[in-house]
Amino acid sequence: MSTVKILDDADLSPAAAAVFADIRATRKTEFVGNFWRGLAHDPVLLKRTWESVKEVMTPGALDALTKELIYVAVSMANGCEYCIRSHTAAARAKGMSQAQLLELVAVVGMASETNRLATGLLIPVDEAFLESRPEPAGDRTDRGPA
Amino acid sequence: MSTVKILDDADLSPAAAAVFADIRATRKTEFVGNFWRGLAHDPVLLKRTWESVKEVMTPGALDALTKELIYVAVSMANGCEYCIRSHTAAARAKGMSQAQLLELVAVVGMASETNRLATGLLIPVDEAFLESRPEPAGDRTDRGPA
Amino acid sequence: MSTVKILDDADLSPAAAAVFADIRATRKTEFVGNFWRGLAHDPVLLKRTWESVKEVMTPGALDALTKELIYVAVSMANGCEYCIRSHTAAARAKGMSQAQLLELVAVVGMASETNRLATGLLIPVDEAFLESRPEPAGDRTDRGPA
Amino acid sequence: MSTVKILDDADLSPAAAAVFADIRATRKTEFVGNFWRGLAHDPVLLKRTWESVKEVMTPGALDALTKELIYVAVSMANGCEYCIRSHTAAARAKGMSQAQLLELVAVVGMASETNRLATGLLIPVDEAFLESRPEPAGDRTDRGPA
Amino acid sequence: MSTVKILDDADLSPAAAAVFADIRATRKTEFVGNFWRGLAHDPVLLKRTWESVKEVMTPGALDALTKELIYVAVSMANGCEYCIRSHTAAARAKGMSQAQLLELVAVVGMASETNRLATGLLIPVDEAFLESRPEPAGDRTDRGPA
Amino acid sequence: MSTVKILDDADLSPAAAAVFADIRATRKTEFVGNFWRGLAHDPVLLKRTWESVKEVMTPGALDALTKELIYVAVSMANGCEYCIRSHTAAARAKGMSQAQLLELVAVVGMASETNRLATGLLIPVDEAFLESRPEPAGDRTDRGPA
């Protein structure tokens, strides 16, 4: 049980209902998950969060599946069950195979292990890594396809 | 300064030197970073860590760049500076553009935000997500190309 | 189910019972939550934790509700369900409105996003922030009202 | 050193320059920190992040200082040095005293301790906390002053 | 419910079955937990994880119980319920008393509190700690008994 | 540079000086680290933190070195550089060898990896682990030697 009520469509303010309509139109489904139904108490928070997610997840220099895999990986690292479930489902809908999920979680696990080894021993950064930053590639218009 | 000495090649035990030789042969470079030089005090730890990373990062159902992007993302979420630097450099070497790095960090940030919103309000998982698990696709041999 | 038994009042050692009596007297309620009932196996741990919480949450330079909001925010960031529930309830008892809870979680989410952006790109601290530390204001006796 | 170049004003694209102008106008200062100068490579990310922070930090049901204190607390829990420094400075500019900073960090520490105790022993949530959720207070228009 | 199917023995590929046989032989029990049954979809991941855990947990410079206590402590800090439960059970099987569990969680809690205090105030490392690193004790063969 | 001034002995209030005297007497050294010198602005916070650490780290059911190893492990998992350095030094002073440090960080790394695997796939807890809790062993007086 959440600490705010999960709102039904009938409970929505007009401002929240407008966001739900955009979620449905964008995703081409009637389903709107509990995450959005909890945020809907605060239409400003709901609208900003939805529009931000929509913008961030739009294919750009990275394709839609790659972005979703990264989303799942971060949710695993942060330990958010709701997000692991909803974004694993989203990644599957975008084509993630079971084998890809298992390789994904293997990378998440291995990165977490070496993160702790490097931090745990306070390994100093090599000069080589400090020198490796390229010149800025400029503006977003430089983005090529992934 | 690390809490163990960063070992020069001359300091290595034969067992550690053998792992360094494999790192160099696999990566086709003389450079071996401080991470491995810190672990080299314990050749068993060094060998296992290197062989695990090598296995996990081998292209399979996910390609090499996608795995590296996930590694960077998890290192960002876990807050490991050494790993962010070394794997950002590795991702660049595998073709990550600056625009891709910026989209990557944007996904990491957005996932972290919604992770906290979902956890913070204790949003219950939708039935729809619990039903969405496909039948197992079987063994690793099922892995197609990414 | 916890990994230690949740103790009933009848199970308490005299030392633990004395702490429960102080919890009840301080909070003016018979209710003592499972957190304290789990710690009660170790009266020294129970007593220290209760007295520390009591001291930290006493109004001082920050008022009681502000302290409770910070407690909830940290529990959200750390992902502790028990603590989110118990301290969200405590904050409500101290006057937190639903609108305040939604603004609180919005700040927690936004901070987590920008934390990851700054850490993920390893943004260097501006000189301006390093210079901004005021002279020490001295001892606790300097504390004015919030 | 960051993994993207920190941009000078002269390096900015027109879209990024427009965001910087709004930061300066809103905050009534010429100073724009490295965080924004790193994001400026991606004007879409820069604009969304700035507008989100501006919206979230606007006084509403919670006042400006309380929001800033929560921001600092979350940054401490997430271990982001840049954010701790920049938001501690911001909180001071909004009136946070040294005594308040010390009480803030004391709450962050105590919450982190009890978070671990509750999670570490897997303490089950009391029924009382599950029952304590009030009816939704409705829309954002219900927000009174903090 | 996991996001991959928990496999019964009858579902295992030959490669996964071979790992299960080694788990049973090593631990001298028929019981194989859900963790391994979830990983069994990917026999390469299963084999590497099992062999790594087996190697790491073998008594060496630290005895078996001390390693298990550290495993539990890290699982508490990382907030992994499955791991807290399975490794608390493993620690008990290796002789951990209830009093030891309570002292363990007390250290985890206290360390988490002081971690936040030190990070939250950005306390600089004392010179004395930087100077305290001994010369390397050499190779793994130096390991004496715990 | 910390966000509060690191206090010299000459800056201390009488209440803070009394705590420093107890630190010196208990540890039998004139050295008092920056952590305590930062907290010393708030003698109530300083006193409570010191007395809590002293109580928690006193040998009981777990010996002093085991407690220190757990402290280091948690500090590694939480990513606190100050605490990793100060408690690695403390563990060495209590007899931790370099080989033990390397086995310690190996367990921290492995636990973090399997924590992410179990959380990432949302592995359900086995019934066997839920049944494994023994009856409470009673009060602190039951504590035997480690």
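Think of it as A, B, C, D, E and F in the order they're written, each chain with its own count starting at 1.
To be clear about the criterion, contacts are C-beta pairs under 8 Å (C-beta built on N, C-alpha and C of every residue); 3 or more make two chains touch, one makes a residue touch a chain.
The structure presented is a predicted model; accordingly, all values stated were derived computationally and were not measured.
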item: Most widely separated chain from chain B, with each centre as the mean of CA atoms; value: C
item: Fraction-based call for chain E against chain B, same above half, different below; value: same
item: Between chain E and chain A, distance of the C-alpha-averaged centres to the nearest whole Å; value: 29
item: Whole-Å gap between the CA centroids of chain A and chain B; value: 18
item: Chain A residues counted as touching two or more neighbouring chains; value: 1-4, 39, 41-42, 49, 52, 56, 76-81, 84-85, 88, 98-99, 102-104, 106, 108-110, 112-117, 119, 121-122, 130, 136-137, 140
item: Graph class of chain-chain contacts, one of line, ring, star, complete, other; value: complete
item: Contact footprint of chain A on chain E as seen in their complex; value: 3-4, 39, 41-42, 45, 49, 78-80
item: Residue ranges of chain A touching chain E (in the complex, touch as defined); value: 79, 84-85, 88, 98-99, 101-103, 106, 109
item: Contacting residues of chain C [partner chain B, same complex]; value: 76-77, 79, 81, 84-85, 104-106, 108-110, 112-117, 119-122
item: For the chain D and chain C complex, residues of the former touching the latter; value: 1-4, 6, 31, 33-35, 38-39, 49, 52-53, 56-57, 60-62, 66-67, 69-71, 73-83, 85-89, 92, 97-100, 102-104, 106-108, 110-119, 121-126, 128-130, 132, 134, 136-137, 140, 142-144, 146
item: In the complex with chain B, residue positions of chain E that touch it; value: 1-5, 7, 11, 13, 15-16, 41-44, 48, 52, 55-56, 130, 133, 135-140
